[in-house]
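Same chain, two partners: chain A is paired with chain B first, then with chain C.
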Partner chain A sequence: MINYFKTIYQVSKALLQGMAVTGRWLFQPAITVQYPDEKLTPPERFRGTLVFDKETCTACNLCVKACPTACISLEPYVDPATQKRIAKVNWYQIDFGKCNYCRLCEEACPTKPIKSVRHSHDYEWSMKERSEMFVKWKRDPSPVIADTPKDTGTKAA
Partner chain B sequence: MIFPVLTQSQKRSIGVLALMGLIGGGTAMAIGELGMRLTQIWEFLLPILQKLPIPEMASQIAGMVIECSLLIGFISVSVMFMVWWERKVSAHMQSRLGPMTTGGWHGWAQTIADGIKLILKEDIIPESANSWVHRLAPVLVFVPAFICYAVLPFGSNLIAVNLDIGVLFIFAISGLSVLGIVMAGWGSGNKYSMLGGLRAAAQSVSYEIPRVLSIVPILLFVGSLKLTDIANYQSGMWFGFIPRWFIFYPVIGQIAFIIFLISSVAETNRTPFDIAEAESELVAGFHTEYSGMKFSLFFLAEYAYVFLSSGLTTALFLGGGSGPLLPTWVWFLLKSFGIVFLFLWFRWTFPRMRVDRLMEFTWKFLMPWSFVNILIAGAVVLALGV
Partner chain C sequence: MATELIRIPGSDFQTEEMILNLGPQHPSTHGVLRVVLKIDGEVITAAQPDVGYLHRGTEKLAENRTYPQMLVISDRWDYLSAMSNNLIWCLAVEKLLQIEVPLRGDYLRVIMVELNRIASHLVFFGTYGIDIGAYTPFLHAFREREKILDLFEEVSGARMTYNYIRIGGVMADLPEDWIGKCRSFLEWIKPRFVEYDILLTENPIFKDRTQNIGIISKEDAISYAITGPNLRGCGISFDLRKDEPYCHYQDFKFDVPTGKQGDCWDRYWVRIQEMKESVKIVEQALDHLPTGVPNAKVPRIIRPPVGESYAQLEAPRGVLGIYCLSAGEDKPYRVHVRAPSFINLTILQKILVGMKLADVVAILGSIDIVLGEVDR
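Now for the complex of A and B:
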């Protein structure tokens, strides 16, 4: 008899507790963010799309060796007058189809104070075709570019 | 976090809601009693109609059609509101936002858009279905719900048909919907629908009993089955501040209210008693094979029953339209939608019950207690001679 009423009491208490939980959540602000209208700022160490600074890069090949998926490829610039390699890139290419956004290339990069290859906070990036995933930076005021076949990097990667 | 810091948009929402409340309250007070106004319109139109060469029969039929259209309009608008409300309430209970873009302000037009989508959808009758039973079922589910609204007192003088047996009428007619659900289950030619229909039948028939028994104490006190009589009996105050609503009758009122509320939730086939639909076990139960407008009729019927149960609870336990300042129909709607909110709250809090426990709950718990309640109420009536 006592057990019967005890069960009723416990069950009603549990039901009311459950309702209190949902009732409390009803009046708390929602966590959902209305994405295209409002955007969250990514955390400081957020690994967004890679950006490359072709002016500071020394073509040291460390990022190429660090990359676990081998998505980076580069060609150092050879001065046509002296036939010597100088510490600049001729072209630098990242295959974003392979890139797994691990930051190892940025950590390997020796340029200071700003790494020449680094993650940005940008995440709104999409491609329609696979060929668009090969992003290539080229040294611009250069006569060499004209001689280089346009799709060399694409095929090499 | 008792007082959360409000963002700009939340402040704006609260402001808009307060403004809407003020405007709505003002308009309601300006309109006054809706029943009285409708009578005035009728009295204004009557001499004009009598001068026209229209047979009296035709004008009477036209009057009935207008009454029915008003009810249909009320049902569809309130169902649309309730669907939107349910989505918003469920979303916020789960820390989501729900529909936000349709119509601009917090997705208020979402149900209208959904309705248009349902009308445009293809109407499919499965090959194995019994075509006529399949077609007739949604109608048989919705029509009783609509008929029941005829005797629901929306306020003073605002009742389509003031039947002497109002309460009994509502219980009797709403019980007919089970037939439609069983037909939908059987006529779909689908094992899940069949199971859903049978479950729904067992559940509705079982819960009908405590639902009716729980209001017998009220009938003992009032001595009438007329809903307006019951509502009028509850007017006035005890000690000047407690309304004489039946829910405030010590012990008897609360037990009756709880039993009635639980069985109402079960009657409308809503979670935690939605074993008839049980999307995780039976796909969607009896309406698995329905699409387009037929599906929306089931949907309409479910929400119509939710409001009907809430309105009935208001009339029986919460004093109908009695309340200060605002006209009676506004009070009736406010109280009813309060009970509707309770329905939504239950739905998004409690998990679904198992079939055997569901049956055990009604036969071994609700029914004995409603009998006990009748016993106490009878003793009180005999002792006090109310």
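Now for the complex of A and C:
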């Protein structure tokens, strides 16, 4: 009989102690962030969606080899006049359905000082269909040929 | 003389064994685990865990991944403590390559792994409360874990799949004033353990649900190769950080907490104490953080010589081991993962027998499995 009341006393004491802990936090400012209205700034090294700079890429294939899931594919640009590969990319495609966001491609990229393929701080992105996950960057070759034909010539030489 | 028919009360009840499927879609199995229970009324007579619903074949995937690429896959084994997985893969490959990591690299690894141990045990603390029926500890635990994840996000750029510890060192040195943030977090979490004790550890209802439930004897624990907090809960002081130090763990002073009889409450208590020890280790590592470069020189294309290596470490859930066989190419020939969750899960069929159905979730939660690691 004594044990019965003892248990009731202990449980209700523990209950009140627990409520006291909860109650103390009741008067602290909230730690949650109301997401669509407030947003946190991602840290410097944040690995968001990949962005690609189609003008600086040299089509060296190092990112393709570094990728663990083989989600990157590219085609180097072939000069139609000389039929030679130049250090430019024709198209570059990332399958974001496979991408791991692991930064191995960015680390492999030899372009300096800004990497051609790098992580941005973007994280709000949605697709409706699987085909939208293939993101393709196509370099328009005409300005290079029209504006600086000598430029490509010096690079080839 | 007529024979007297003696009627046993209740003998005409239609009783039969019932088979009950717990899972694979059950909120308290912590993932896709199926346990086939044979129950006689409320008492369990046999239990058969059925694993494999999350099998992704990462050991096979390793055979056509290069060594740095496999690091990304290793994040996905035990996703609550991805740093340990990164570290064990690096230790195994470094053993093959015979690389010595600089002291600063080792200390950074220790800091990350211990912080990850706190985060992982916090998830256990929170979800175990939910399993038992206490919702408040979950919110408290995830608030603290969020702070650790923020620290990791700053250092590695991701919140769960860090890919931070690399072969030969770490991804990059600490960002500026990271140490200050880490110290303020450690100061912040210390009084929280007192709150946890009030909320859950010393709560009589929680104690009634967990004490003397799911007792693992020392002999069983050893014969089933149980490791980690589950083993230490039985009273056996076995911790690879003490017994076979890696990453300069011998430099740090910490205790190995052990339980008394190996019930659910002991296993829970050991994890709470381990969090406090991890705080101590991180503090010591931050105090004595050596200067210099964190990374060793590693060839651009990693091509270890023909040979094999086995590395093991004390992950939050037990001894995590990697067996790696190299055929002299840039990809491993064979990789085997000794996953602690998987081996700890095998004891379930032994300790569930004779227990009540309501205790299944308490016992399953106290073993603390991660299905990503069980099935790999």
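FYI, the second predicted complex is superposed on the first by the 122 of 157 C-alpha atoms of A that agree within 3 Å, B and C clash if a C-alpha of one lies under 4 Å from a C-alpha of the other, contacts with A are read in each partner's own complex, and residues count from 1 in each chain.
Everything that follows uses one rule, which is that a residue touches a chain if its C-beta (ideal position, glycine included) is under 8 Å from a C-beta of that chain, and two chains touch if they have at least 3 such contacts.
Treat the numbers as computed from the prediction; the structure is a model and nothing was measured.
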Give one of first, second, both or neither to describe whether A:26 is in contact with chain B, with chain C, with both, or with none. first
Dominant contact partner of chain A by residue count, chain C or chain B: C
So in the superposed three-chain picture, is A:68 touching just chain B, just chain C, both, or none of them (first/second/both/neither)? second
Based on the superposed arrangement, let me know which partner A:34 touches: chain B (first), chain C (second), both, or neither? first
Now for A:113: first (chain B), second (chain C), both, or neither, which partner does it touch? neither
In the overlaid three-chain picture, which partner chain does A:18 touch, first (chain B) or second (chain C), both, or neither? both
So the chain A residues that chain B and chain C both touch are 18, 21-22, 31
Chain A partner, complex, touching residues on chain B are 1, 4, 7, 10, 89, 91-97, 100, 345-346, 348-350
Applying the document's contact rule, which stretches of chain A touch chain C when the two form their complex? 7, 10-11, 14, 17-18, 20-22, 31, 42-47, 66-68, 100-104, 119
Which residues of chain A touch chain B in their complex? 15, 18-19, 21-23, 25-32, 34
How about chain C: which of its residues touch chain A in the complex? 65, 68-70, 72-73, 136, 143, 146, 153-158, 161, 163, 171-172, 175, 195, 198-199, 202-205
